[in-house]
Amino acid sequence: MNRPRARDIGIDIGIFKPGPLNTITDVDGVLVGNVTLMEGEGPLVAGKGPVRTGISVILPHGGNLFREKVPAGAFVMNAFGKSTGLQQINELGSLETPIALTNTLNIPRVADALAEWSILQSPEIGITTGTVNPIVGDINDGFLNDIQGRHVGKEHVFKALESARAGNVEEGSRGAGTGCMCMGFKGGIGTASRVLPVSRGGYTLGVFAQTNFGGMLSVNGAPVGREMGIFDFIEDVAPPSRQVETPEGSCMIVIATDAPLDQRQLVRVAKRAGLGMARTGFYGGNGSGDFFIAFSTSPRYPHKPGSVASYPVVSNDAMSAIFAAAVEVTEEAVINSVITAETVIGRDGHTGHSIEIDRLTRILEKYNALNWNENLLPFKNR
Amino acid sequence: MNRPRARDIGIDIGIFKPGPLNTITDVDGVLVGNVTLMEGEGPLVAGKGPVRTGISVILPHGGNLFREKVPAGAFVMNAFGKSTGLQQINELGSLETPIALTNTLNIPRVADALAEWSILQSPEIGITTGTVNPIVGDINDGFLNDIQGRHVGKEHVFKALESARAGNVEEGSRGAGTGCMCMGFKGGIGTASRVLPVSRGGYTLGVFAQTNFGGMLSVNGAPVGREMGIFDFIEDVAPPSRQVETPEGSCMIVIATDAPLDQRQLVRVAKRAGLGMARTGFYGGNGSGDFFIAFSTSPRYPHKPGSVASYPVVSNDAMSAIFAAAVEVTEEAVINSVITAETVIGRDGHTGHSIEIDRLTRILEKYNALNWNENLLPFKNR
Amino acid sequence: MNRPRARDIGIDIGIFKPGPLNTITDVDGVLVGNVTLMEGEGPLVAGKGPVRTGISVILPHGGNLFREKVPAGAFVMNAFGKSTGLQQINELGSLETPIALTNTLNIPRVADALAEWSILQSPEIGITTGTVNPIVGDINDGFLNDIQGRHVGKEHVFKALESARAGNVEEGSRGAGTGCMCMGFKGGIGTASRVLPVSRGGYTLGVFAQTNFGGMLSVNGAPVGREMGIFDFIEDVAPPSRQVETPEGSCMIVIATDAPLDQRQLVRVAKRAGLGMARTGFYGGNGSGDFFIAFSTSPRYPHKPGSVASYPVVSNDAMSAIFAAAVEVTEEAVINSVITAETVIGRDGHTGHSIEIDRLTRILEKYNALNWNENLLPFKNR
Amino acid sequence: MNRPRARDIGIDIGIFKPGPLNTITDVDGVLVGNVTLMEGEGPLVAGKGPVRTGISVILPHGGNLFREKVPAGAFVMNAFGKSTGLQQINELGSLETPIALTNTLNIPRVADALAEWSILQSPEIGITTGTVNPIVGDINDGFLNDIQGRHVGKEHVFKALESARAGNVEEGSRGAGTGCMCMGFKGGIGTASRVLPVSRGGYTLGVFAQTNFGGMLSVNGAPVGREMGIFDFIEDVAPPSRQVETPEGSCMIVIATDAPLDQRQLVRVAKRAGLGMARTGFYGGNGSGDFFIAFSTSPRYPHKPGSVASYPVVSNDAMSAIFAAAVEVTEEAVINSVITAETVIGRDGHTGHSIEIDRLTRILEKYNALNWNENLLPFKNR
């Protein structure tokens, strides 16, 4: 059941180098935690199960985020979604809780737990200082999951937070990706990273994606969805090769970096996530509520700063390489989420089929889409 | 304990006529419900009490809102707040749940309950159709209330929804206004309405305000806060006349109308709420998270519409009178919230002092700010 | 013909102290220049005259703005207007030309001249570096002016720029204010400033307003427009006391400060301008295209910066006093524009009547709206 | 010199069918006009030449646009650009002039001419009614063109407008595309169209693109830029195969449709243009000011409408196919702009090299990127 990641099978997206683990945790200080909930099977009993959902959390650092906030910016590609807390990020320019991802109807329970966790860390919240802004993103996993059940509770949120760590990151049908469907295949969570050349600042960027959107899967340019006969609108253009469910969904993209950026620059970075998604086959369907959050681990903003403070920020002119890296790292994180996702059979026998790796590889060979960084000019002679 | 409303003591703001009750429920179909939570006294025991909070709900109509949505638009004056659901309103152009108002840390629990209530009405949510977008607005009532306790539970949300009705509307230190402070006085909830002349469409506009913001109270132009020595920054300009707490807060404004408007026009209407607030002394303090939602009760949008439908919409040229009415009705709703609010003693003896009506009246007389629609040209000869 | 300013006749708006001249030029380094065009009279001959228009320019500093940009942010209250260049300000966070104000149809000619002036100063523009982003704001002065004529040419733009200086600022029916109408009275250009207490940072804020909007004039709370029977919608509520023209218009507000702010904070400052306008009677009419630009004179951003740089910025918590000052200084600048504006008879005998000072004073006395900083608690004992 | 379009050489992007001409003019009523300015050669003499620029105009219909406006919406991907008029489009929901595209520094002169042309058609502008909102988009063609010269004058604007017609559309190094560079190749103007299946409404969408941006050219997924060693950041990852200039630039995308859409829906459509660009290699570089405008030819809004009117609008649920078509038609229009663009030698010998068709074809064959609609499942058996 060990499924490969994209690079394991020769899919090397883009031109910049990945970090050591090719995960969002390559950004120094960033932690990730997942809790997966899979229980029951068979017909849906609303509020009971089957349960195919979970929670993922991303922490900019392991300290007290309320007291040591980080710069952040958010961009909404399509606001058909219920993600919470993004408006304050853009107003005040900072993030003060972990980012949690879950299913749509579960947002409130997760936000409540996130607030409680913050209060435990910072008992002054709401008493001697202001309140806290929990950030929760979402997708609709109701095709596989008993979403009415809102099965992610406080204990799962706390467990995800406590288990969050640096290093390797689970991908696929785990955590918030458990019930995801992506372009007709099983989707899930995926991650990737890039390290810019020193001449471009040497910064690391990492992405964590929760993929649940419609489209026509394209991998390094190869028309995988079309080859397999699995994509949105197939019934409009050709007889489908097999019965396929392509439920409309959503996507959450979280971008982390150690580049010193402020809210204005981080909004610009977040805005590029959609470009990376587009290269995988995303077209922005009506039902796809797509929310992008970018944060920097540097500098940190104290909760009670002096009245004036100086912070470094990358100049506009130096942003282009960061933008280019944000696009390709998003693309790879999305592809990783699909390739790593195992098949999940959910409510009413609804099935999220994992993509078949052999067939995928054959298609990529047909389209010469493998091992570009070894084979492709101008790289082959390096 | 019966406190007057603004017009009862001669404060007749603006030039357009109020509706029959001068409440948001003058907009045909609109229902309002409140649940007030006041328990315990003395020192704050975090998570226990004292409790000084509540919930207010505004329903565009008494039917199934998920299946018969209404046009809506939202504008955020200052996003230092956690109000949820507003982004989707602007993307899709409609409102599909009641609007609930409560305290900041309680948003998730109220949103969860609102989703559950919607599911009870529309069991297809998340199973055979998409999910639901609960709308919850907030202020920080932590000066008076044990806000960490998140005391508003599902039972209170359901009770507020079930008790919602047309007709008279409670104001002041009730429902979501229980723990509010406004410009140094006890704030709360307030409402008002206007009926446009037939030549301007004859539409009704109503406002429901939850007032918890800082400033320098001005009533029909009279500098009430300055006269009483109670306002933000007083320590910068003069010795305060008495010890006053002016905790920074927020404001939620909900505007209802029967004018047929779409999302673009309703955003424009919502944007005018800040202008009405400004006339009461609001200056947009950093800590004031101010969110404005406008909805129309007409037309209704079915959940599963045809692929194309025609709906009436007021033309741009005809919007000016609606905008002018939105400004003055917001102003009056804010003033009503302050005048009607009874004194509340909360956590640690913190006290929200109700404004003294006699003193207010004397100040208004000094500034000739009463009974303008009777006394003031060009109206006196009508 | 010498008309007073608001404070000359006892109208002392707000609680913070004005700067030495109570002008935008109190912000160190800021320069203002005006060119007034008044030629011809009688019936409109489209493209010929009568001419009742002009140009005003505001320079953040007297050096090369393209090479030494300043932080800036913009907010659009109502985008029914043609102001140009604001989007780039918000994307890149800086201002690189003077701000020019003129009439709507003249924007392109003024923008062309502003670009040319920038090229003369910085011949590298478009050759060895990028292009330049001219900022031009506008109002529609077509009620008095032959606006089709687009009479402001390059020579006038250059003359305004060359004559720009610190110190006293012309107000009223001058420069870009020549053809303005404001709430039924002659409008124009107005300015004011505030100096914050040292405890609040000691910053100076200045506003330059070009006022051409509809509403119901309110001066320090006194209902001046209603007393005089001159306001929008009067025909809906009462017989007008005299025939009055209240053409719909627009408003441009430029806010300067020496507080170190970045684009995010400056957008927040700009957003408060509408609150100040609201206190003068503004209600955001459909035809009022209202654009607000805020800039800081500190720090300066070089055109070719290093890839990372540190700049000071005021913290969120310290913004409230700046916001409060922005509101009251905008209010005073608008009132100054109306009080200082001389009567102008324009095309077809259309007349912009200056407000009668004696009558204004009597009304303000009736409403006890004068000399608050001397008479009003808590100030009288200072 | 006759260069092929993408489909002529087997590049058949996407799954929906093009319209009869595969141009924006397939949308009934839409007209396009171009004027190309190419004069002089050799070293740049600022203000004199060489001239490598032009103007393109797109008209939603051939009637009086001021009196019969059309629905429109705009989205700004990156506001590092000077495009004018977009804010009013979103506020009022309509377009009232042709859309003109030109070079950045020439915007004011073109806007002035567009206003004049509107006044000639509607002499009431600014006299008995409001003013007019000219829409002008831009790219920076200063790599090839004497951009300081602002060579596009009124006569060229008028000529473009008068010569605008339905039917075939010039592409490549013509009109506003004369001086464009795109991802290291000669860019220019390009167009394409799609007709949705009847089951999806049967609507036509057309795109007109002005392409001047950086990136790494990808054609139907094939890494053309990498194969040719021509792309941004090549110096960071490998020795460039030849000296290549990839000046940072911008992109304007105009989307036309006959689907009945309002401003909210058209903004959503415009937002998808970036997704189509992303598939061609666009990554949103700092210097790329990317502005997208979408308009519908149906319904038309009269300048002086009744106070309420009903217009049809496509429901949210029915938007997905329109979004998908918007993405692929944008992709094809961009590719057309590059493939059709002839080599242009400009100022100082700067050269915009047209892409070599034979080499392109060989690369596309290597990546199996040709004739998908004939060869590729599930289409081959249709």
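Labels for the chains are A, B, C and D, by order of writing; each one numbers its residues from 1.
The rule we apply is simple: a contact is a pair of C-beta atoms (placed from the backbone, for glycine too) under 8 Å apart; a residue touches a chain by one contact, two chains touch by 3 or more.
Remember, predicted model here, so these are calculated numbers, not experimental data.
A.B. asks: Provide the labels of all chains in contact with chain A and in contact with chain C.
C.D. replies: Neighbours common to chain A and chain C are B, D.
A.B. asks: For chain B, which other chain has the most distant CA centre?
C.D. replies: Relative to chain B, the chain whose C-alpha centre sits farthest away is D.
A.B. asks: What whole-Å value do you get for the distance between chain B and chain D if each is reduced to the mean of its CA atoms?
C.D. replies: 45
A.B. asks: Centroid of chain B to centroid of chain C, CA atoms only: how many Å?
C.D. replies: Computed from C-alpha means, the inter-chain centre distance equals 32 Å.
A.B. asks: Chain A to chain B: how many Å between their CA centres?
C.D. replies: The answer is 36 Å.
A.B. asks: Spell out, as numbers or ranges, the residues of chain C touching 2 or more other chains.
C.D. replies: 78, 80, 91-92, 248, 268, 287, 316-318
A.B. asks: Mind listing the chain B positions that touch chain A in their complex?
C.D. replies: 44, 46, 76, 78-88, 90-92, 104-105, 107-112, 115, 119, 123, 125-127, 130-134, 140, 142, 147-148, 150, 248, 287, 289
A.B. asks: Under the definition above, what is the set of chain B residues touching chain C in their complex?
C.D. replies: 15-16, 77-78, 80, 197, 199-200, 214, 216, 218, 220-223, 226-229, 231-234, 236-241, 248, 268, 271-272, 274-279, 282-287, 316-321, 323-324, 327-328, 366-369, 372, 376-379, 382
A.B. asks: If we count contacts the way the header does, which residues on chain D are in touch with chain B in the complex?
C.D. replies: Spelled out, the residues of chain D in touch with chain B are 90-93, 201, 260, 262-264, 268, 304-318.
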